[in-house]
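In the two assemblies presented below, subunit A is common to both, partnered first by subunit B and then by subunit C.
Then we have the complex of A and B:
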């Protein structure tokens, strides 16, 4: 168990990085507390796997330091780092049984056979793999193989953190849900830090205590799922977290205030700002569609209704050709072409200056 | 029933008949005849050629010799080829040149190479004995003693076909996934454990393929023996195909050599199928 600190950690795959663009991971400062679950979230090629490989020691960072419990491990090889990693494709030793697979990391470390037996039994119970212990590992299903990969990490007593590199990608959807819950359960029972890399926001939101959103090798925002949802620090986080993404409505400067024809919500113009773009960000979940009254902040014509089971996504066209999406449960009573009143709570409308949340 | 679309099968069927079916059936027919240099033509003598095959000690000895030769040479080729492939696999600089150099033996004509090897192994004129004598060894009767001749054939076979193994195994190694190696590093496995637990099991399908291809090829060994030792001294290096060649094309016992060929073919099909199954069970597991 350990606290993991990334100190100005960056990596470029080029020998001589010239500028920002040459970095796969731009220098970042982060602290990961012991025993919590974290998710690294971002689109493909955003540097999340690079960050994970640096932590596991498979890639040596070109800049900065990595600390486990205050100890510099930047140049320590993988096998001495007390890190376990689960990969996208389940890795098992195909000639061994489940029991031998789980025992392998301990055998490599010269642990006594009686201790190995005890640990393997404990971990097998934790993973519900007792019944399969003497089966050849290759005969198990993909999600069970993934559990074995995880088990090979858990069986070691010195593991500081378990890194999960998109471990659920090749798992069937129903099993995915089960496995995710299992991962959280294991985290709660063993108190081992888990870091999950994923590009699936719902996976990240339901798994992690804290999410780190990345894009183009740059840290965008780090915080709890609630924070990321209610106060995205920039337009990318607003776009990437939440489905459908946050509505961004352009604002004009009018006599010291910021306003739009679409909605009668105004914002005081920040005095010391020379931003070029002012936007209002509103989550589709925070827009309520009601019958038209004088109190509405705007009106819109329904263009499209998408059914998602309980919820529906309603696309509306407002004044000045502004198009927004709203998430509602009352969509079954609505029809395309009708005009609805729109209500938004002032606190749910956030101001963005050049794509960054105004503070 | 028969429509115009079936007509399109004709070219393939004709080719099949011409190159496989007709020669095979003709051989079967010839094997029941007494066609030889005195009496040509297709008479019918029943199974007496086959009876003769089963009583022919020289044929069964040649088959034993062939089995020994192919099993030893293919094992050596596999071991050496794998070792070379592992050596070149990670090391990139000069790797391409090495690969081309390794392939030269495989690309040269067996007859030409055998002539050169015959010169190399020559008891009084060859460079091998010359070099050995500098160390006070020899002269070794490379081609004139039974054991020496067998070992010479073995050396030439291994020398010529190790590159083929090397090529197949290297292609296999290059295509292996990276994750199992990362996982093994994280689990703390050293080089030895990584090889036996990761590389070797992952290479099992390629291993089986390479071994079977080489066993089929090795069991047909003929030109090397013909040039290097002519099956001698005595019958010390006579392999099945060389013996069939002697009976058929030197003694012109066409009917008898047809029977020999068919018996040889059946034995090969059965034994290679069994070997393939055994390898699969050994390397992959019982159930697949």
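Then we have the complex of A and C:
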């Protein structure tokens, strides 16, 4: 177990990076507390896997330092970092049995055979793999193989962290859900730090205590799922977290205030700002649709209704051709073409200057 | 339709099998014939078609005018082939692992160039290599010795081993090495404890190729030896005199094919079994 600190850590695959765009991972400062679950979230090619490989030591960072419990491990080889990694595709030692697979990390460290037997038995119970211990590992299903990968980390009581690199990609949807819950359970039971790389926001939201959102090698925002949802630091986080993404409505400067024809919400114009773009960000979940005659901050015509089981996504066209989406449970009572009143709490409408949340 | 296809397939395979097995049948019957039986046309059934004689076989184990002793050449051939194959396989596997997992750069020379360098050793026809090999072995005083032949055969077999194993290692996911390292293995430990046990099919294929090429080589065994050392293919040819002893030749051919046939039967299951199929996905 260890507290992991990334100190100005960056990586470029080029020998001589010229500018920012040459970095696969732009220098970043982050602290990962011991025993928590974290998710690295971002679109493909955003530097998530690079960051993970730097932590595990498979990639040596070109810039900055990596600390485990205050100890500089930047140049320490993978084998001495005591990290476990679960890969996107199940990787197991196919010539070994499940028991031998689980025992291997301990054998590499010279643990006594009786202790190995005990630890393997404990971990197998934790993972519900007791019955399969003496089966050849290659005979198991994909999700069981991923559990073995996880188990190879768990058998080491002192494992610094378990890194999960999109481990649920090849798992069937039903098993995915169970495996995710299992991961959480194991984290609670063992207190081992887990870092999950994913591009699936619901996976990240349901798994992690804290989410790190990345894009183009740059850290966008790190915080609890609630923070990311309610106060996205920039338009990308607003877009990436939440489904459908945050509505962004352009604002005009009018006599010292920011306003739009679509909604009667105004924002005081920031005194010292030379931003080119002012936007109002509103989560679809924070928009309530009311009768046209009721008190409202704007009206819109329903263009489309999408049914998602309990919830529905209603697309509305407001004045000045502004199109927004709202998430509601009352969609079954609505129909395309009708005009609805829109209500938004002032606190839920966030001001963005050039795509960044105004403070 | 399916039945017709099935029948045609069976007929074709049966015909092909006979075509392949026939030379062996011919050699086997011929080895038990004497001069009279051979000149009297194609016959196949002993005691009915011809009177069997053990002359072909016994002549291979007697020295003098009656035949030659093939035990010496057989052992020489086995020693040269086995040592050269083993050394090539060990060096080739290590080289191939390095080439498939690490990046080398020497000026403009990169991994693919090094791999090509190895394979390019087999581009030249043997005749081109014969004279340089001859001169080099002469300098070493290794002409007509087992040691000299082993050196030459390593040079010939190493490219095959490197080529087969590089291809094989490229097919093993890199994640397997990475996983072994996160589990606490050093890079070389990962190779020996994880990658090598997974590479049995590749090693078997590469080893088979080395054995076949080493065992069957005639040209270098012929040009680089005189009297002291004689390998099996060369001594077969030396049997040929004014009267061709077909019976001895046939028996000899069968004996020289036997070791490879045995190896093929033993390793066949490794070659057909996709041991790697479970490692990933």
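Here is the rule we use: the second predicted complex is superposed on the first by the 358 of 359 C-alpha atoms of A that agree within 3 Å, B and C clash if a C-alpha of one lies under 4 Å from a C-alpha of the other, contacts with A are read in each partner's own complex, and residues count from 1 in each chain.
Convention: contacts are C-beta pairs under 8 Å (C-beta built on N, C-alpha and C of every residue); 3 or more make two chains touch, one makes a residue touch a chain.
Given the structure is predicted, the values throughout are model-derived calculations rather than measurements.
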Specify the outcome, clash or fit, for subunit B and subunit C once both structures are aligned onto subunit A. clash
Based on the superposed arrangement, let me know which partner A:177 touches: subunit B (first), subunit C (second), both, or neither? neither
Given the touch rule stated above, what does A:89 touch, subunit B (first), subunit C (second), both, or neither? both
Chain touching more of subunit A, residue-wise (subunit B, subunit C): C
What is the contact status of A:142 with respect to subunit B (first) and subunit C (second): first, second, both, or neither? second
Interface residues of subunit A shared between complexes with subunit B and subunit C: 56, 58, 78-79, 83-85, 87, 89, 91, 93-95, 104-105, 108-109, 136, 138-139, 149, 152
Subunit C residues touching subunit A - in the complex, by the definition given at the top: 173, 175-176, 178-179, 181-186, 189, 193-194, 197-198, 275-281
Residue ranges of subunit A touching subunit C (in the complex, touch as defined): 56-58, 77-85, 87, 89-95, 104-105, 108-109, 136-139, 142, 149, 152, 170
The subunit B residues in contact with subunit A across the complex are 177, 179-180, 182-183, 185-190, 193, 197-198, 201-202, 285, 287
Can you tell me which positions in subunit A touch subunit B when the two form their complex? 56, 58, 78-79, 83-85, 87-89, 91, 93-96, 104-105, 108-109, 136, 138-139, 149, 152-153
